[in-house]
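Chain naming follows the written order as A, B, C and D, and within any one chain the residues start at number 1.
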């Protein structure tokens, strides 16, 4: 129905081919070109899609008025200059996680997009999986009640990255999911980070984050490159129900437990007593059916929708910035032996893009 | 062969009946009496054992020269006076966890026992399960290599205790196990504790401990009273192998993974490079067979053996004291929003009892 | 409220102590005596209950007019004479599985009870577990729709019985459960049994039963003494939903899957075509909460209720007889290399006891 | 090193693209052409491989002297004419399972290949997975001892096939694996098949096979299209150890249990007694590491190797024929309500191809 938007993919390494494939397959998009400094690499991606044009010249891509958006999958340290150039050329932008390698850079990118009324979308792919979309919906519907605790474990025998520690490598997934599903987003004021580098690699290979949330709740994230077993599990405890997401169990990824502690505080006559009545619910468990769809397909749809509707993407640059803010604060906490470190507020009002361009 | 030792059980509430049953069934022990302020409660325990004598009078028990040892299962706040009285009456003592409700009290108990050359044993029952005994053995044999990280999860929908938080309620199990299996015992210098009390009970119901260990390793403990699912799992990662203890999987409680990261640091000519060669082992998994024996039977055997051999018990008062030291430091850390808190050294040399009495 | 009924337990070996304990604890029952040829064995059981009278003399028990019912846990080959004697003495009877060691004996017992208007209850304990009671309820409510298939697996490293094969040892559990939960009870007309005796023990150690059910459905039972892993699982597939009972998963014993194949047969114009429209439902999974109660407590309650209400017990002698009929037919099939063998109809109308005594 | 052999793929539907991709990627093969009656379908496959020639004309393929082998992935009913034509044109042949839709056709194909000294390979892909290759190796090394029982479960919510029942659709996997790993191959003399068609589709949707093996052992296969849960598990019990293959558990696909029953038969003096001493081993469990390689890559390597070495392929046409023989006997058993049906002997000596061509 809609005319197709035209996109360029920049970066044909690990993630770019997936972006290219999904843009190519989408009814919303025409994949205009694949841009990489290494033309052979770009060509291999193009061939598998039955022949898309390629280029080494980013300036040419940005100068092409027929291109609406640029999807960027280059190394994190290059996000800042490429994104700014694209925005300044009037292109909408989607950028792989993390948004930038530095919070200030991320902030500049977000401001640039807002001033120009352009979409800057963070490619937080996990947020578009059927499981996470369902979690967000269940929390919004009040199925879980108030959130009491969140426990996320993402451990595996993993590649020890040359340039980033385990926090910057793995925790963006958990943080972006929390930002997506929690009612108020990722609004923790401080974070405490504990890391271990027992192999003396010069960076944390095992890490734990503690984020106190509003109302006495706590989010905890455990990331680990050295675990022989692979676990990807998030538990979200609420006053009404508790949800367990076990991403490696395709037969039952989500379980919602109607179990918990009910606490009825009673004020008694005597001054010193806040007698408490504790009772336990041991109700049914429910595992909602989930479609098996590829999250990246929903990502490129959301990019098109946000451009057409003149609104922020559901995983906006600002959400990418909130993730960066936590990571920077975590690094600061690490340098202080785990003492809690304040998280910089994003201090950015999120106007509608229409408002921004007015 | 040996003449039986004679024991009294003090406290017939939750744990006392188990002590009584195991002492009664042991070839090492004669169960002399069961002492409780509530004679009906003591009588019910005695009846189930086919008629053991009971008493309300602790002084009478301690004055009885035929009694060698006292096994104490009273509330934690009463451990200090009862244990001191028993030691001063010349009795060997075993006391339920935690050793005391306060580190100074524990210290006084340990010193009293050492000065008198008496056994003061902490009833760290978990340490005598076949799984934990095997873990200790495997680590001592070097099967795991150097320890890189320990991750212990003990979560469940649990009773919210009236007097203690989730750390004091559940973490003594994990801490006493670590003290038992780690080559140097529980020798962390600091602990950071993060707790959450989202139900406003006045105490932490969800808790995390981070204990940096020697050599850059890290122990992490997660305890939680609010989890709808029950997990009791400990992962011990080593340079050679990694062990997973899943206590709720009777078919395969222990798994030893010959998987891991091998890191060969190479010094290159250039100044700035510490090039690293990382490789991955993906070897076999091995699940050692374990007997299904009751741990408490081995506890009472160890009590008898340590008395007869004039040595500290394998889970000595000092190990109970180390657990207390961590718990007190954790409480201090909690009061400081999770900033790491120093753990008091136990500063007690552990002479052989024979040496102490010399 | 009701006056207590008085019961004697006959047989103090493996199962008798459990019967005695539950009768002793029940508000419906007074445990009058424990009868065993070996008085020491009876005494041990009596002691653990705080002193119940014991006897070696069954005749004396049966002659005691104050005793209402006899619960029999003696070897299977003795069930027939003891049950008949008890019924002829006017006692209600509960008897451990299998009802008898021979179908004709079982039939005589059932007839005797009916003629005398006495309760003859089969102690099919599994039927009174919370899981099986819930399965029966769900099927009766139509939750599963029409039954399509039943698959029951009961395998373990098991005791090789001296006198019975794996079918007679283990399959009575599955068969009695099927008789209890299926809408029409265990109404198969034939059974095919395949057994293996690879260790040359003289009897089947591995066995499979196939029971064609009404409407084209099939029940299949797999029993095995030689399996290194323990599985106790039953799948009941229905047109509307499918239920999986995993008895070794206390966290989720029952799962009800709203998944299945929907088949809409359409008659088309052309003569030869029964074109079929197949579609798949992939709906939610639901795990009903179950209480953790001891089944045997419900067994003794049902015995009391059926006596007081003058009705057959829910696991009646007739249901025990249906189990026997299948086992005998299975043995016949085994002797014919697995050819299907007809199952003797129980041919017993089940009058209310009130009717029988009229 | 070797010159590449040249292959054509015939059939570009479901499985053909996988064959094409693996032949294309193999250092042993040059993919000469893709042949399909639907040129658009063939072209799509060719495009994804960066441009392979396509054709609709099978005769032309077979007339091309540069082509060494033909890999056939067409519907089962077409295997017979295409394979015979290819063999008569002097081509080596690999054919998707099942070998043919009829045992006589399969027999004719096998004879034709043997007379011509050509390789006829059954594409039993599962046999080349790392798990099955390891199982074969472990059995050959005697790790399991003598085989006591085999239990294979392959159930899932599956496509109800228009032309075949659940036995012909799924059991070829299990049967070809048994033929591959058992010391004597699939040498059962009879098979009993029990099927259910509770949805009235006109064919069995739930099925069970019982195959008595030599020495009193038994193989049992359970296939099911109606199961809401997916299980792919095979247990192979042996006198020394028992192996469990759980193909859906990537973390531990193979487990070898050193558990079992040890039976020492003793002849006693008395005539009636064959007293048995039964004991139980409860030893360690071991999970061998497995590579994660694509089985089909090993399939095309084996095809090349068998051609070059002038020998039968490890999954030869004869093994495909043994699978067919069991399936035909199973269909006969089904028609007789599950009475055991004799399996036609393959009666084909397996000469080396070199011998055949001599």
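Quick note on the criterion: a contact is a pair of C-beta atoms (placed from the backbone, for glycine too) under 8 Å apart; a residue touches a chain by one contact, two chains touch by 3 or more.
Everything numeric in this text was worked out from a predicted model, so none of it was measured.
K.L.:
On the document's contact criterion, could you list the chains that touch subunit C and likewise touch subunit D?
P.N.:
Chains in contact with subunit C as well as subunit D: A, B.
K.L.:
A-C versus B-C: which has more C-beta pairs touching?
P.N.:
Between the two chain pairs, A-C has more contacting C-beta pairs.
K.L.:
Between subunit B and subunit C, what is the separation of their C-alpha centroids in Å?
P.N.:
45
K.L.:
Report the inter-centroid distance (CA atoms only) between subunit A and subunit B in whole Å.
P.N.:
41
K.L.:
Could you please state the distance in Å, as a whole number, between where the Cα atoms of subunit A are centred and where those of subunit C are centred?
P.N.:
The separation of the two C-alpha centroids amounts to 54 Å.
K.L.:
Give me the residues of subunit D that touch two or more other chains.
P.N.:
229, 282
K.L.:
Can you tell me which positions in subunit B touch subunit D when the two form their complex?
P.N.:
Touching subunit D from subunit B are residues 252, 255, 258, 282-289.
K.L.:
Looking at the complex, which residues from subunit B come into contact with subunit C?
P.N.:
Answer in residue numbers: 47-48, 50, 229-230, 251.
K.L.:
Write out the stretch or stretches of subunit D touching subunit C in their complex.
P.N.:
Against subunit C, subunit D makes touches at 146-149, 151, 157, 159-160, 190, 192, 194-202, 205-206, 208, 210, 212, 215-218, 220, 222, 224-229, 235, 237, 239, 242, 244, 257, 259-261, 263, 265, 274, 276, 278, 280, 282, 337-340.
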